[in-house]
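Comments concern the structure below.
Read from first to last, the chains carry the letters A, B, C, D and E; within each, the first residue is number 1.
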Amino acid sequence: MDVGLFAQYVMNGLMLGMMYALVAVGFTLFFGVLDIIKFSHGDVLTVGAFVALATFAGLHAAGFNSQLLDLVIMLAVATLAMAALGMLIARYLVMPLRSAPALNTLLITLMLGTVLREAVRLFYPQGANPKPFPALLPQNSIDLGSLNLRLDNALMLAAGAAVIVGLQYLLNRTKLGLAIRAVAQDEETARTMGVNFTAIVLVTFAIGSGLAAFAGVMNGLYYNEINFGIGLYLGVIGFSAAIIGGLGSIYGAILGGFLFAGLQTVGTVLLPFASAYKDVFAFAVVIAIMAWRPTGLIQEKISERV
Amino acid sequence: AKDKVKVGFIGPLTGGVSVNGIGGRNSADLAVKLRNADAKAKYEYELVVLDDECKPNVAVQVATKMAADKDIIAAATHYCSATAIATVDTYHKFGFPVIIWGAVLPDITYRNKYAEIHRVNGTMINQNDANAELVSKLGYKTVAVIHDTTDYGKGHNEYFSKALAKIGKAKIVGTFGVTAEQQDFTAELTQIKALNPEVIYFGGLTPIGVRIRLQMDKLGIKAVFDGTSGIVSDAYIQGLGPLAEGSLAFREGAPTEKLPGGKFFMEKYNAQKYDNPPEAYGAFAYAAMDMILNTIEKVGPDRKKVIADLGNVKDRDSIVGKITFDDHGQNTVAVITKYVIQDGKFVEWDDSEYASGKRKLPGQK
Amino acid sequence: MAGMLEIDGVYTAYDKADVLQGVSLSVQPGSIACLLGSNGSGKTTLVRSILGLTPARAGRIVFNGTDITRLATHKVVAAGIACIPEGRKVFPKLTVEENLRVGAYQEPSDKITQSRMADIFRTFPRLAERRTQLAGTMSGGEQAMVSIGRGLMCAPKLLLIDEPSLGLSPLLVKENFNIIRQINERGITVLLVEQNVHQTLAISHFGFVLSKGRVATSGTPSELADRSEVRDAYFG
Amino acid sequence: MTALLEARGVVKRFGGVVALDGLDLAVTAGEIIGLIGPNGSGKTTFFNVATGIYAANAGNVMFDGADITRVPARAIYRAGVSRTFQRSRLSLPLSIFDNIMIGNHKRLNQGLWFNLVKRGDFKREFEASYHAARALVEVFEPALAGRMFEPVAGLPMIDRRRIEICRALISEPKLLLLDEPSAGMTHDETAELMNDILLVRERKKDLTIIIVEHEMGVIERITNRCVVLNFGRKIAEGPYRDVAADAQVQEAYLGVA
Amino acid sequence: MAGDAKTSRAAVWPGIIALAIAAGYLIALLAVEKQSLIIALLAVGIIVVIAAAWFGLLDGVSHAFSDHEDALGGFAILALLAVGAFFHEDHFVLLLVTTVLLYSVATLGLNIQFGYAGVLNFAGASFFGIGAYTSAVLNAHTALPHLIVLLIGGLLAALIGSLLLLPVLRTRGHYAAVVTIAFALLFKTFLEVNDVLGGPQGMQVKGMTILGWSFNDNIEIGGISLSFYMNYFMISLLLLIGAFVVVRRLERSWIGLNLDALRLDETAASCFGLDVVRWKITAFLIGNFLIGVAGAMFGMVGSFVAPNNYTFADSLILVSILLLGGIGNPWGLIVATFIVVVVPEKLQTIQEYRFLLYALLVIGVLLFRPEGLLPRPVRRYFPGWQP
């Protein structure tokens, strides 16, 4: 294969992998703090992206025209708004279900996802249509044979990586991170150690949901289009990625995200005239991986003994 | 007071293609409203609306619900081919006359010969013939196909490929199936880029059409974007902005705004202040409903008589042009509108600056 | 004289029936008070009520003059009460060191945290050896050490200890009582729940015997040891 | 007399930790053995190896004449080894009866046909099992016998321990492994529990017991013989009085008096 | 009070009254078409249930059900028959109720897998689909008796499901979830891209005939005409009764105990002789079998199969029925199926807003009853049995 073409695939795969990883990392965080699967994560991402878009439209209407400032304000508003939404979800949907079977949280967040998605579709102006998302990053690009290198992609990769590294640092190197992990394992004992349980849960949901907003904006900037369904698909893939990577490990989520992107890309390239089978291929590989490594690629350390 | 008569509408009101369903629903609703406002009408009509979610099993359920309700005389049904094809037997079993207003799969009318089933819009065969012809006429030699793996996309791929092969001037250099939920097409498009086609034919609906067109640009692919009726939607232009320029698209029937009734339709539609545009097939939904209402006015609220009357539709006027049903109930619309997007609007090809040579599509001779 | 911890007529229930039925007791500052009682008499429940984990339904709990009856747990801890919970409750997926750090959650200074941890490693060399082992994989007694160490990490005014010697070897049980005495000598008041009556009474200044959710009797260790009901129940 | 259970040179490592370091141990049928040693000396690990939860890294374990070193846990149970866990492992939402029946697995008919179709036969087996379980519970705590169909989640720890012992006894094992059965009990309660265990054994003479305990009173009273572990090795063996006098044991475990 | 109920058998009448009210309510709900009335009825239903729970009336009902299950089961069948009889001409309502019955069979299958054995299956709709496609293909190309087709549908679902056995056995919890999610996505995509089974267009399914009796013809009995769906309603009811009895007996046997034991503590279970692998396989296969049979029947009822019917979202609906009803309780599961299938349908009048409302409703139910509508009671091997 032509080197340039190959490089292009790698570049595409990296961008896609970054998107998946960002979502997967969010799942890992929620799993880490409350041992729950928050299925509405993808839809929070959607709402975040739409909030960003609305902010942009507002700024535009107000005559704002600096790309950089637009971007910063947009990101800030979306992230904060979703952080607030995350806290509401935590407070009114997740905390009350703490003593119920774990799967009920899954169901309630699944339903919340539907509510969010349908709300965007019904209440955002023309919400059912795909929306153009402004390209706010520098559009410089160089063509190297079949490889089209774009500055905005590089920036996004860097930003995504920075966010993930930051999260990793937060979870494993800070006191907050320690409290988050402690709460996940034993809420009550964490409280007896002086950890403010409610605050930790709210903060975690704020961080996780802010992260979703960030991922949503990234998604918009990369594809220059958003629609009310983006979160659904990204949610499922992100969830799967987090799990094949190994829940509870940020690295696992990243690995899972890139693996998924890699599988889909490889599927498309290797099955050129049956490219529709690429998802069949990708998911078959996922099943095989789970059979081979039942607790994910980065295996959780065994901590339970008899 | 006038007697009450119920008529039905079915379309996708939730889920990914709900814009089209809601546009159709509004249009059908408009037909009923206008009729009820007409003092000369013999009956007062009530519109019963059901959501098929674009899912066959749901469609069978709601079709049963509607067809089994003897008070409902006839209905305009289905935008999604999968739901239309799934329900024809139900309608037939219950002797319930329907007019399909949006689904384009040929089999819906042609697989059986059911007197209950009619369709005002054309099938995808017609538009793909026109599409292949235009592509060939413009002198393009290489085409890559992307289609979604729904019946809509797969059908389009099939009929377009056949039509193009029959003309024999251009050849298909690669075919890519994608799923309707897919967000990222860069892997497919990178391959296409390597194949370097002049035209990318896309069989699918607006949401992924927008994504593919955008990602083509990201990867620096300059080929002509050649769409189907699935992208004839304001949403496509809104979603793309200036990038929409130069996309091709095809749809059965004459362009709404060119017909005498079309202007009337758009005016009335806008007057109702629906929060959704009628979309590509709104006019057909209106036409279907209007035809149902005309027929009931003529023969009375009786399913059998309605079926009998719809059996002999020839050259009937409608806002989508003259309608003639063949023995399968299929409107034999010869006319296909070819569109090119010019300055943020769907412009008929023949009226466009691309046809006149003032502007050029990529690679257009 | 008002105690450091004043418990007055506390009633506590889990779902329906009251487990505590009007417990009143008082712990003097600087003392070791012990709480005895048979299984299910409500000792742990009292500890949970003090901590606000299972808040009292009625009655008052006053700590150093502030009413903490309805305070959230982390605020109770902030007021200066720490706990070594029943059943150890180590965080299984945290390492030994991380477990200890959580114990010092409310201590802002990293330096102080470090020096306390060093203290604990001196007391339990086994923990120093295993500082990166996941606590969940340790033996029962090792987990008890983690739990005790963790409770000491926050330098409280009052330490509630619920059956700390459960599962410890006789050697460590002795060691453990020594530690409790040392803690107390450093000025920390202790409320100790124990089954190991001999040694408990040996280090306590005052004792309460709980029975069916009430304080059945109380007194100094020698008074208690003389009472027939206590003798029957504990000394066999 | 041949040994009922015999461990030869058993080694078990967890990463860098050597939990069992060439342990040799033999138990004769009918004995009550006390297994004692400092925390982390490998007592529970030995139980786990003997019941097939962990595979030994080296050495082997014989039971009743057969090598059970690489045999799965369920086969070892079938051969007649039953146990309790150091940390209570009952199924909390299930009833007392159900929890005990889990231990009765090998004596219950597991056939699909029997269970689904032959309900009459099933009912007879059920009633017999009920009476057996109830009789056993009555030994330990008569008050619980009337609450056989209540979930164990609502019971205090002490009753849970009793039920766990019933679960281990219901299948009439040859060897019973008790891991700190009296932890958290008062002196009285401990004594009572030991009496109950001895009572059950009285009825079934050949029951062999290995008990792990940190309560020396118990060890002294009920064991014939003690084995002391330290760092995964046997450091002393013999009647409690002898062992307790051993300097090594005093230093490592009991504390010098 | 609850303590006394244990020594003496609870009264049966609260159960009968509850069933009668439920049947009446269901008939009313299914019969009304007016938007305002439907909303009012739903509101009344919710309020009545909450009030009954508040005043402790539901306890009497649940005691009645646990002590007199066989009798009340009979009454429940009568209640369903009454609903069927009331709507004997109404094709649509019968179709809807039949759908509920078959979904209940499928969720009973899921219940064995997840509720008892703890094996999470997010591909329920896929196995349902396997059954449906089986009847599509076999009815079209073979002359196999249709009852046998149902059986083959179930067997095939179990067989294809066994492809997943290795990963399902090795994984646990969320990891196991991903295996079945992946399968669900794979299955739908596969059906869609592969034209052998009709591709995205799907296939027609021939209606059922048993011994020459065609289920797709309306029935005339002594001047009363019955909808042809009555055929399907009756056979689906039989299937449900069968599945219910199987699941009930399974739960109330040593096998049910085995499944619970391995779900709650695999290690302890294997220390007491349980063959974890064997019982997980048994549960997974029986579960898939039931789902497959229900699917095969549903294929014939719905007369059409297409990949879009068997998406991941549909699997999620099946799982949500299980959670909503109260994991492990077959009664709760049937109630939940009614809610999940009937409510969105009755909300058709609010058209595009109905998913929103439906999702909000489920959220409300879960907040109100976090353990599901009817949490599973402690196992009684023989209801009402006294030592």
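FYI, a residue touches a chain if its C-beta (ideal position, glycine included) is under 8 Å from a C-beta of that chain, and two chains touch if they have at least 3 such contacts.
Every value quoted in this text rests on a predicted model; they were computed, and no experiment measured them.
Novice: Suppose you hop from chain C to any chain it touches, then on again the same way; how many hops at least until you reach chain E?
Specialist: Minimal hop count between chain C and chain E: 2.
Novice: Which chain maximises the distance between its CA centroid and that of chain E?
Specialist: C
Novice: Hey, which chain ends up farthest from chain D, C-alpha centres compared?
Specialist: B
Novice: What whole-Å value do you get for the distance between chain A and chain D if each is reduced to the mean of its CA atoms?
Specialist: Comparing mean C-alpha positions, chain D is 48 Å from chain A.
Novice: Centroid of chain B to centroid of chain E, CA atoms only: how many Å?
Specialist: Using C-alpha averages as centres, the distance is 37 Å.
Novice: Counting only Cα atoms for the centres, state how far chain A is from chain C in Å.
Specialist: Their C-alpha centroids are separated by 43 Å.
Novice: How many angstrom lie between the CA centroids of chain A and chain E, rounded to a whole number?
Specialist: 34
Novice: Which chain C residues touch at least two other chains?
Specialist: 137-138
Novice: Tell me, which residues of chain D touch at least two other chains?
Specialist: Expected reply: 44, 53, 85, 89.
Novice: Give me the residue numbers in chain B that touch at least two other chains, ranges are fine.
Specialist: 14, 18, 22, 149, 177, 179
Novice: Which bits of chain D are touching chain C when the two form their complex?
Specialist: Touch list, chain D to chain C: 14, 17, 36-41, 44-45, 86-87, 156-158, 180, 183-189, 191, 214, 216, 252-255.
Novice: Write out the stretch or stretches of chain A touching chain B in their complex.
Specialist: So the residues of chain A touching chain B come out as 2, 5, 8-9, 12-13, 15-16, 19, 118, 121, 126, 128-132, 141, 143, 146, 148, 150, 219, 223-225, 227, 229-230, 232-234, 264-265, 268-269, 272-279.
Novice: Once bound in the complex, which stretches of chain B touch chain A?
Specialist: 14, 16, 18-19, 22, 149, 174-179, 181-184, 186-188, 190-191, 193-194, 206-207, 210-211, 214-215, 218-220, 233-235, 238-241, 276
Novice: Name, in rising order, each residue of chain C that touches chain D in their complex.
Specialist: So the residues of chain C in touch with chain D come to 38-40, 126, 130, 133, 137-142, 144-145, 163, 166-175, 195, 197, 232-236.
Novice: Could you please specify the touching residues of chain E with respect to chain D in the complex?
Specialist: It is residues 6, 246, 249-250, 253-255, 257-258, 260-261, 264-265, 267-275, 282, 378-382, 387 of chain E that touch chain D.
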